[in-house]
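Two complexes come next, and they have one chain in common, chain A, joined by chain B in the first and chain C in the second.
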Partner chain A sequence: MPDSQPNAVSVTINGTQIEAEAGELVIAAADRNGVHIPRFCYHERMSSVGMCRMCLVEVDTGRGPMLQPSCMISVTDGMIVDTESDQTKRAQEGILEFLLINHPLDCPVCDKGGECPLQDQTVAYGPGESRFIEEKRHYEKPIPISDLVHLDRERCILCDRCTRFADEVAGDPLIQFTERGNETQVLTFPNEPFSSYFSGNTVQICPVGALTAAPYRFKARPWDLEQVESTCTTCSVGCRVAVQSSRNELVRYLGVDIDPVNHGWLCDKGRFDFEAIKSPNRLETPLIRDPNDKDQLIETTWGAALAASADAIKEARSGKIGVIGGSRLTNEDAYAWAKLAGSVIGTNNVDAQLGDGLPGKVVLGLPGATIDEACSADTVLVIGPDLKEELPILHLRLRGAAKKKKVKVVEITPLQTGVSSYAHRSIVCRSGEAAKTLKSLLTSDDELSQEIRSGSVVVILGRSSLAESALPAIEVASVITEELPKAKFLVALRRGNVRGAIDMGLSPGLLPGRVPLENPNDEIKKIWAKVPTVEGLDTAGMLRAAADGQLDVLILVGADPLVDFPDQDLANRGLRGAKFVVAIDNFPTLSVANADVVLPATAYGEKGGTTTNIEGRVSRLAQLVTSPSAARDDWMIASELAWRLGGDLKFSSMEEIWSEIEQVAPSHNGITLEKIWADETRDGILITETSIQLAIEPSGETPVVDGYGLRLISGRKLYDAGTQTSNCASLSALAQDAELRVNPTELERLGIQDGSEVTIISTKATGVAIAIADESIPRGTAVLPFNNPGIRANLFINSELPVTDIRIETR
Partner chain B sequence: MGYLDGFKITFGKLFEERVTTEYPKEKREKPDRFHGRHVLNRYEDGMEKCIGCELCAGVCPAKCIYVRGADNPEEAPVSPGERYGFVYEINYLRCIHCDLCVEACPTEAITESKLFEFSFDNRSDAIYTKDELVVDDQGLPQKQPWELWHVGDDLKTSGWMRATASSGNPAYENRVGWSGELGYGVREPERGQQFDESEPQNLDGKDDQD
Partner chain C sequence: MTFFTEENLELAHEIIGRYPKQRSAMIPLLHLAQEQSGWVTEEAMKQIGVLVGTSSAEVLGTCSFYEMFKRHEVGKYVVNICTTMSCALLGAEELLEHAETRLGIKAGSTTSDGLFTLEGAECQAACTEAPCLQVNYRHQYRVTPSDFDQLIDELADPNNEETPRHGVLAQIRQHIPVERSVGAVHPDLVNVPPVWIEEKKEANS
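Showing the complex of A and B:
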């Protein structure tokens, strides 16, 4: 702390004088100055409770030295702290002896053994021998408190970390202390499991082995783990993770604390989806359509599969080729595919999004905000998907900021979301009409409107429902740029590296480096053999063209339009209409089964590179395990295809690709490999520069729902029937069956019993689902999760319309 | 006598006890703490002692041990407790018989026998699996086709070969601190290094004052 700091105080710790901030905890000041005070309950991201007493140190504030818990007292000027005095040591020995009275010492079978703070601190600060010879306390050994977490109460030292996390940070206070005195124990409430989306964090912060993760149970011991630091790509928040493997198999992810993004937390989906990577369902060899039996895909060689794909591309009419997908890719892979499409094939029919996000030009054209800016703005407007379901760590950060009264969260949503619980105001509007509601709010002289206008505003913008087109969200953007010109945006796109793929030009009308197609920069003209000039089609456009026989080859790069495109009927017609479909994927998805050639790609943890999160923050990925048999990196596949098409992408490693990106992409200029790999850039490098001018076209009115219909609202759940989740043994069971939720009065009106089967009728399809009466659903709407086991919402959605209305009937 | 001195020695040796043996027809007695190949012991009730904690693998300087633990099946538990050794392999092409695994084992599951004569002719035979290492129903090691055994060799299997007493405290020497073993029951403690018959045993580790 520099001397100029007005509230700096001077403290002596172990004889060394240090400067600390007034109000800072002694333990935090010591940490910052390299003095380690042992602790169990103190956690820098949570409030202090002083439960364990392990951090007792001798503190002298002028009245003579006395033992005080350093996590509970703030520094004062002239304070003298001794963390190594005889008194302190005696206290530490005593506390540890007490903590070990009932600790079972089953370290050899405990998953925490070897990395256990209690073990380590007993060795470092303990008395060496115990005088306790009586029988220890016994409880039933491990009891599953949720599908993912086991609790062993014998091992628990009652530090209050898990219970505090569940209450303070996650907002799911589902575990709590029960009983009193010697019987005090952590427990869930009767018949209510600890089903939090963030339960895995309690396992990570547990200072003993009381909470262990079911997916990691007995999988490895700390000393046989190999570890690299990487970035999670399960959603687009980009949390920092430590990826750990044992014997070339991923066994665990741990959250790494970085300030701008995740604060050390991970959601359970991100934490446990490593199981998918070692799934036996992974695609391992290239597949090709059997010439004798058109319904079969048979194994083939890479040579044959690539040759067949290249021939199909060569035979296709010019410009009649489309590339869908790219959010699974690293930035380098995405650039390779953008270059293949643009420079070799010569098309701009590329789209990393599957009609489930916002147009690339809007994403890059809106003034961007960081997560930190959102968490320190005066007002955050949330108009988009349920953050808790789609971007859980962003939800956690926002919740933390709202609870600390740092931001006012105002939400405009068609139905209650995870954000509603901490929102300053949660305004429910009809699906598709957020812009209208927002406009009338901002133009009114409501107190809230004044509050919003008077301070800084960050808008978290996305698609509130996948049954809406992107139009309502774009309208919201246009209202905001008009009414609140200083507002910044955090675009809530969900998929892993979708932002990176857009940055790399996998979006119609864009070139790598956030450059518009109309105005290519000089470097790209120099380096690319040719630069496309005609703006291509987006995914919906490509599928429509393919359905009409206007597209010959469709390349799916980690895309499954049959499941992820909001309009299954169109996706289906598109895939059937295209003459030749090449699918590059990790898993045999529904769309892969419809392809003519299938190429297996390497997955997360099997390749290095970089990824970009929703803020535009580039951070590195690391390779730790090898891929199963014949899978290849996506950029290698692009390179091979280019060569077979008579072109040359001119790179032979991830590093070379990055160097080319650094040259070609103006926004990425100057971000060299050395910078990316430097220790200071663990947090990633934020890229804010963009050459895209935002142009929002005015659009028509949303149609009014008729008296008989219900407006369909469909969002994604954290645990759904998605490819990644359904290939994780531990997570797939957590996906709840799809149910149609409707307001009870609507069911009554239609004479439908709660919990009975109903027929859903839309202009696209008719299907059967269970109807559940739910008070929280606004009247006139029906909610069906987008992709949960049972019935998929994209069966009913018409992507040509701004909103989809359905009718329901008894069966 | 000059040159006949040498013959005197030769002649004298004819009547001394012979030190060479007709190995491999006959084998010499092995020292108590001889380090041969390992066995995985079982409790008297037949349960395996190994809990798959991997401490042996962690301490092994030759990295020749591969262990994986797994959840103990509730209906047919393999070992007492939550966890059991699911995979246990030792590669004898790498093992240097240092016995650190025996030292590290918290349940005395792994000990070494006096058996060391292997004549396997391929590498996979050199990797002993759990089925080969675990003792049979009499508590004796299982003979592998490539091992040279004489009658009675297998009897001298584990024995207590821990070089140090618990916490390194010599006062604990000769005190039985281990559980019973299938086929043997609770083994008698081995003679400690500082063992002296003339002194009374101090088994409580307390000062001799009364």
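Showing the complex of A and C:
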């Protein structure tokens, strides 16, 4: 604590005088000064409860030394703390003897053995023997409390970490202390499992082996694990993780606490989806269309597959090539692909988004906010997807800030979301009309309007529904720019490194380093063989062009438009319309099955590099395992193709690529590899600079669609039928079947029985789903998850319209 | 999901209305649930969770903390024999043993006719009257084995009306008149003192 701190107090810990902040807990002040006080229940990201008494130390505040739990008392000026006195030691021995009375000490068969605070602290501070000779308490050995977490009540020391986390941090108080006294035990309500999206964190913070994670149980011993620190790329929050492997196989991810992003937490999808990487479904060899049977893909060599792809590209009419995808890539991969497209192929038809986000220029042109800024603004306006489903840890951070009354969350949404439970105000608008609702709120004499205007505002902006086009969200941005010119934005794009891919120029109209195409910088002109000058098409544009026979080659770089593009009909026509489709992927997706050449790429953990999160924070990715197959890094594939096309990307390693990015991309200038790998930049490096000047056209009116239909609302669920989730044994079962949720009065009006099969009719398709009556769904709307097992919403969505209306009929 | 009778549901809403935070009504609602069916069922806990805006797990956590909330069906009469110090010194153990023999069940169980549940209990704050027991939480003092037999005979008599059934605690229901009720106002939003403070001031002046 710097001396200048006005509320600094001075405390003596073990004879050394230190400066602490008034109100700081003794245990925290000791931690900051390198004095470790043993503890079980205290956790720096949760409130103190003083459950375990392991942190007892002798504290003298002028009345003589007394034993006090250091996680419950705050420092005061002149306080003298002794963490090593005889009294303290006696207390520590006593507490450990107590804690071990009922603990089974089955360390040899316990997953926690080797990294267990109870084991470690017993060795370090315990009495060495016990006077307890009676029978220990017995419970049924582990009981599953959810599909992912098992609970062994015999091992539990009742520290209240898991239950506190569930209630305080996750907001899912589904596990509780039940019974009393000697009988106290953690339990769920009968038949109501601990199905929290964040349940894995409890396993990580349990100080004993009472909670174990199903995907890791008995998989490895801590001392056999290899570990690197990396960044989660399952969504674009970019949580810091420790990636662990045993025998060249990923076995576990642990959350790493970094202040600006995840505070040590991970969502369960991010935590457990390493299973996909070792899935037997991974693409292992290049595939090519069988010349004898057009319906078949057959194995081929890298040489043949690359040659076929290069030939197709060479044969294509100039400019009639498009590259879709890029958010699965590292920054380096993305840059390589941007360079291949721009400098070698000569096209700006590149788009890392699948028509499910916002235009790259909008993403880079809006004044950006960090997660921290969002969590400390006076007001956070959330107008976008359900953060709990799409950006789970952002939801957790925001929830924490709202609960601590640090921010006022105001949500404008077409339906209740995970945010609604902690929103100061949750305003339900008609899908596609958020801008109108926002405008009338801001211009009304509602008190809230004044409150919003008088303080700092961060807008978390995205697509509230994938059945809406990007237009409604852009309109919101325009209303905000007009009415709240000082507001900053956190653009809620979901996919892993989508932000990094856009930064690297995988978005029409952009060049690497957040530079507009029409105004290229000198470095790029020097380094690239040619720089495209004509703004290319976005994904929707490319698919439309391909469908109309205007695009010869489509390259899918980790993209599955048939599943992820909101309009499956268009995606289908696009893939069919293109003469040649190259797919580079980890898995045989639906779109991969429609490609002419398939190239297998290495996956997460199999390559290093950097990634960029929604804030624009660049952090490092680390390699830990080797790909079990012939898969190659995406940048290598780009280099190979370039070479076969007569070009040269001029780099032969990730490091060389980064150095070129550092030169070419003005926003990344000065961010050298050394800086990226320095200890101080463990939190990542926030890049705020942008050369994009955004001019948003004033908003138009959302067309009113006919009155007898239901407006379709569709968003993603955390667990869905997506490639990653469906290839994880532990997660795929958690994806719920797609159901159409409708307000009961609508069902009644249409004479449809709750739970019965209905026909969904849109201008695009007709399909069958189960209709469920749900009070929480506003009248006049129908909600279908975007990509859950059963029926996909993108069958029905017309991406050419701002909103999609459907009709439903009994069958 | 619908455990409470219509009448009790109305009552439940009234009870919730008495507290600034809905969750504070959890224990009174558990009493109400126990009053309705003699014990607290899972359905009851679920509905209470919904009514006070929390998870059923949290209701279970609270409910299971208190022994007087029964989570299994109990007999018409719950007989609690105190086994703590004073009573133990004056023959509680023998009394409990006698009770077990007389009723033909172990402490903690219910007779097959559903009439009696026998429990060993902690101090009932009647140590001067040891050994003592409670029938549906009504005290019986200085109970000898023969007193016990007589008690059981009386209770088993179908005409006995005196001892309230089940764990019913309150016989007089409290109602808060509308003008005195603050309703469910969150404490943070309360900016006027409670009405009774003003009334007190007036009365005192």
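One rule holds in what follows: the second predicted complex is superposed on the first by the 807 of 811 C-alpha atoms of A that agree within 3 Å, B and C clash if a C-alpha of one lies under 4 Å from a C-alpha of the other, contacts with A are read in each partner's own complex, and residues count from 1 in each chain.
Heads up, the rule we're going with is that a contact is a pair of C-beta atoms (placed from the backbone, for glycine too) under 8 Å apart; a residue touches a chain by one contact, two chains touch by 3 or more.
Since the model is a prediction, treat every value here as computed from it, not as a measurement.
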Which superposed partner A:141 touches (first chain B, second chain C, both, neither) = first
In the superposed arrangement, which partner chain does A:302 touch: chain B (first), chain C (second), both, or neither?
-> neither
Using the superposition on chain A described above, determine whether A:224 touches chain B (first), chain C (second), both, or neither.
-> first
Using the touch definition from the top, say if A:109 reaches chain B (first), chain C (second), both or neither.
-> first
Report for A:178: first if it touches chain B alone, second if chain C alone, otherwise both or neither.
-> second
Which residues of chain A are in contact with chain B in one complex and with chain C in the other?
-> none
Chain B partner, complex, touching residues on chain A are 106-109, 113-114, 129, 141-142, 217-218, 221, 223-224
List of chain A residues in touch with chain C within their complex | 167, 172-180, 187-190, 192
Spell out the residues on chain B that touch chain A in their complex, using ranges where they run on.
-> 51-55, 57-58, 68-71, 81-83, 106-107, 167
The chain C residues in contact with chain A across the complex are 42, 45-46, 54-61, 64-67
